[in-house]
Amino acid sequence: MNSLHSFAFGLATHNSSAELIEAFYPMPCFKPSEALSDLLVTSFELAAMSNNTYTVDPDTAAHLVSELETLGENKLATQLSAMSASEQPVIACLVSVDAPPQSIPEAFLKLHLLSHRHVLPQELNLNGMFGVLKNLAWTNLGPIDLDDLPALQFAARLEGKFINVETVDKFPKMTNYVVPRGIRIADAARVRLGAHLGEGTTIMHEGFVNFNAGTKGAAMIEGRISAGVIVDENSDLGGGCSTMGTLSGGGTEIISVGKNCLIGANAGIGFPLADGCIIEAGLYVTAGTKVQLLDATGNLSKTAKALELASLTDMLFRRNSISGAVECIPLKTSMSLNEELHSNN
Amino acid sequence: MNSLHSFAFGLATHNSSAELIEAFYPMPCFKPSEALSDLLVTSFELAAMSNNTYTVDPDTAAHLVSELETLGENKLATQLSAMSASEQPVIACLVSVDAPPQSIPEAFLKLHLLSHRHVLPQELNLNGMFGVLKNLAWTNLGPIDLDDLPALQFAARLEGKFINVETVDKFPKMTNYVVPRGIRIADAARVRLGAHLGEGTTIMHEGFVNFNAGTKGAAMIEGRISAGVIVDENSDLGGGCSTMGTLSGGGTEIISVGKNCLIGANAGIGFPLADGCIIEAGLYVTAGTKVQLLDATGNLSKTAKALELASLTDMLFRRNSISGAVECIPLKTSMSLNEELHSNN
Amino acid sequence: MNSLHSFAFGLATHNSSAELIEAFYPMPCFKPSEALSDLLVTSFELAAMSNNTYTVDPDTAAHLVSELETLGENKLATQLSAMSASEQPVIACLVSVDAPPQSIPEAFLKLHLLSHRHVLPQELNLNGMFGVLKNLAWTNLGPIDLDDLPALQFAARLEGKFINVETVDKFPKMTNYVVPRGIRIADAARVRLGAHLGEGTTIMHEGFVNFNAGTKGAAMIEGRISAGVIVDENSDLGGGCSTMGTLSGGGTEIISVGKNCLIGANAGIGFPLADGCIIEAGLYVTAGTKVQLLDATGNLSKTAKALELASLTDMLFRRNSISGAVECIPLKTSMSLNEELHSNN
């Protein structure tokens, strides 16, 4: 009846004008039970088919903690109790409908759901999120409103201290919010909150994962996973390789990488890559690249745009280094990840 | 008469040998008024046609604050007053002549002028700056002399603390000094102080901007802007793309990117790109690359070096994926930035 | 008799289960004198032909300090004395045999030996090290066990503080352990502990150096040096260029770069490059790339795989921009580094 799509209790950051600019949810919940949904909807009087965020005052928190314990939601109860006892602003964000996010806490909840692996990329409605999020300085003191920053930087210097501005962006880095199980990220600045990293994923220094993008399972990522792109299990993206996004400069085709693929270093794709395919190092194949399709014996079958070959599995894309032509030829052996490297215990 | 080229009050950092190694200027001034110039030149007795840096003692500061208020320079007065009241070393750097920088505070002033958007790249004399700046460890405790670092690292560990060395370089990152209005920088470690970012510029994780380089206005930068390179309005540098610099490995030709250009992911240029041009993803065109110039119907007009085609606007550079030849062909449609993505409110 | 391969005194970090997860050695020693070896082996009763790590209690430390002073090892004595007086866990790691590392302190000692320039890449036995090292969160509070991280992140937020997780990896960045003499590293997150940077090496923002890899002397590195790869003196790796590693996605051939080489921006190699060679910007040459070998007058000598040409010095590898063929042609002029840029005073 009252089933929520998702919700979370969290701590918020405000700017000097008392506006909420950021939210941290230690335990975002996706599809909570009907009993839990009911408790929350009733407590906060959430209107039907709507989404809202509430500040949780101590009385409400005490009531909820008690009810959560009754429901057996002990971890939530403990966290809410701790938050309520702190001096930080406590919020509850309730989402009934997966509509375009209308507020910062709602947008942050969806980004958390992705990075906590509750949903896969492309499964949430994130339309218009850029317009909702606020561009902030992410620093060693936490997120700071850009209007507040110069005075704080000056004040710090007056005391011989230094504010380290790591990012000026609408998105923070994921690892300051959650590190999902079984991953490595060599340079955490390269993975935004809202990335989905499957268990067994390693992101090397040159790897990058945007929000609403990522891997489904084990993967070695030394290249860039653009917004919206999903990489399936046991694939390897070589150093500096590119997957074309749809946000900027790319086309409208949604890009994905299948299972057991290898995109070579400094290579790139502008079309969805089927299972077991290899793109040779240094070769960029866009959706419109004309490709010579060869049979297993190396004879020309036909010439086609890469996008038209996107359903073919176990193919090697290469540029013939004598003729200069881009070719696509069936693979004889298949790709496997290095077990030792990819264990993330 | 006494007109200064530029000046600033700032806070300095000294190493353990009491040498000045860095300077922070909250409000660098370019072409100050004659009255302001006069006040400063007179107060510090700056010789004609010369540049110098002074430590500002409390008496001088008090005198200047009073005079600045008289001139209506209230923000400068307030800042100087605050600096003088602190325990940090206060300096004034006065530049009459845009000559090669002779000292660290002078070099830092010029880097500040660029990042505060008072001047465009290539407009200041920075000759010999590498020899003037000191290679430092930039840490959570601020800049540290490399000779002082090991003892400080050891001392921190003895207390169970950790000094985070972010950079070992002559240049700090820009955002710890100034974040100009209307920009985003996803990984601030990739933009040096001395970069010039026009309003509406987004630097993504894979973007990079060296000192004395940057953008004039709105731009989406996911590639590398080398020292000396300027990108004009509404252009898009794709992920991992390269602009050849003149400092190292490149030629002597100064590279620029015109308005409304798109350099594809993993592509690169070694010649100045005219307005409205596109370089296909993955294609590197150096100044000497021989290019087949095609007319609008695809017929070969002539073969020329890329540098000889640098004045042509609205052209697409691509490598023919069947013949392997690099081609240049007039574009039919033009490029536009994604509005939602590029708003930096 | 008792000669040690290497040893070090250090400070260790433990997780909440009192397990050692990391070690910092201010002064790792390679091939210590026989007297010093003898003192250590005897004091700790190290079995012959074995490696072991010991916690150093105050009594043992006092004894060792006194004996070290007798041997004239005053710096070691002073450091050990300071460590023993601190509240941090003090360890001694003794290595007799360069066998596969069996413990975290032993693995960290070998990584230190590389970054302190006591040995070159490929000179130590690092077999199985991935399985020995623990995946950790490297933060502003130092290394944190991933099992401990969520509670600590939550606790920090409750106090309005923020733990900055820079890396989730088995390897920390080098600069938090040692900054060897005469180097610059523009983004220190890109160089792992275990990298070997020769004096005069500059690593720009897009540069990267893995453990057990690096440079022998002066070098300008704006590209990626994969695990196991060594770059000889006076070579220049252009922005975003790639050297193929053997750990993941690459072949079995060990890659190296000779003296006075230039790998252009966004280019790459999958074979060992001989002295004085240039790879044109944007060109990826794998071991199996078929290359047209030209003589000095531009006539075709033969067609061969790149690996078969790996012994040829002073060659230019390029892709003919008209025919699309990859060519290899003798160079007329040779490469030199920009002196001003590469001085790292």
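Note that the chains are named A, B and C in the order they appear, and that numbering of residues resets to 1 at the start of each chain.
Definition applied: contacts are C-beta pairs under 8 Å (C-beta built on N, C-alpha and C of every residue); 3 or more make two chains touch, one makes a residue touch a chain.
None of these values were measured; they are calculated from a predicted model.
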Partner chains shared by chain B and chain C (touch criterion as defined above): A
Interface numbering overlap (same over half, different under half) for chain A and chain B: different
Computed distance of Cα centres, chain B from chain A, in Å: 30
Junction residues of chain B - those touching two or more other chains: 140, 166, 189, 240, 266-267, 282-283, 319-320, 323-325
Complex contacts: residues of chain A adjacent to chain B: 128, 130-131, 134-135, 137, 140, 146, 149-150, 153-154, 157-171, 189-190, 192, 208, 224, 226, 240-242, 244, 247-249, 266-268, 270, 282-284, 286, 289-292, 303, 319-320, 323-326
Chain C-facing residues of chain A, complex: 11, 24, 26, 79, 82-83, 85-88, 140-142, 166, 173, 175-176, 178-179, 183-189, 205-206, 220, 222, 236, 238-240, 262, 264-267, 280-283, 319-325, 337-338, 340-341, 343-345
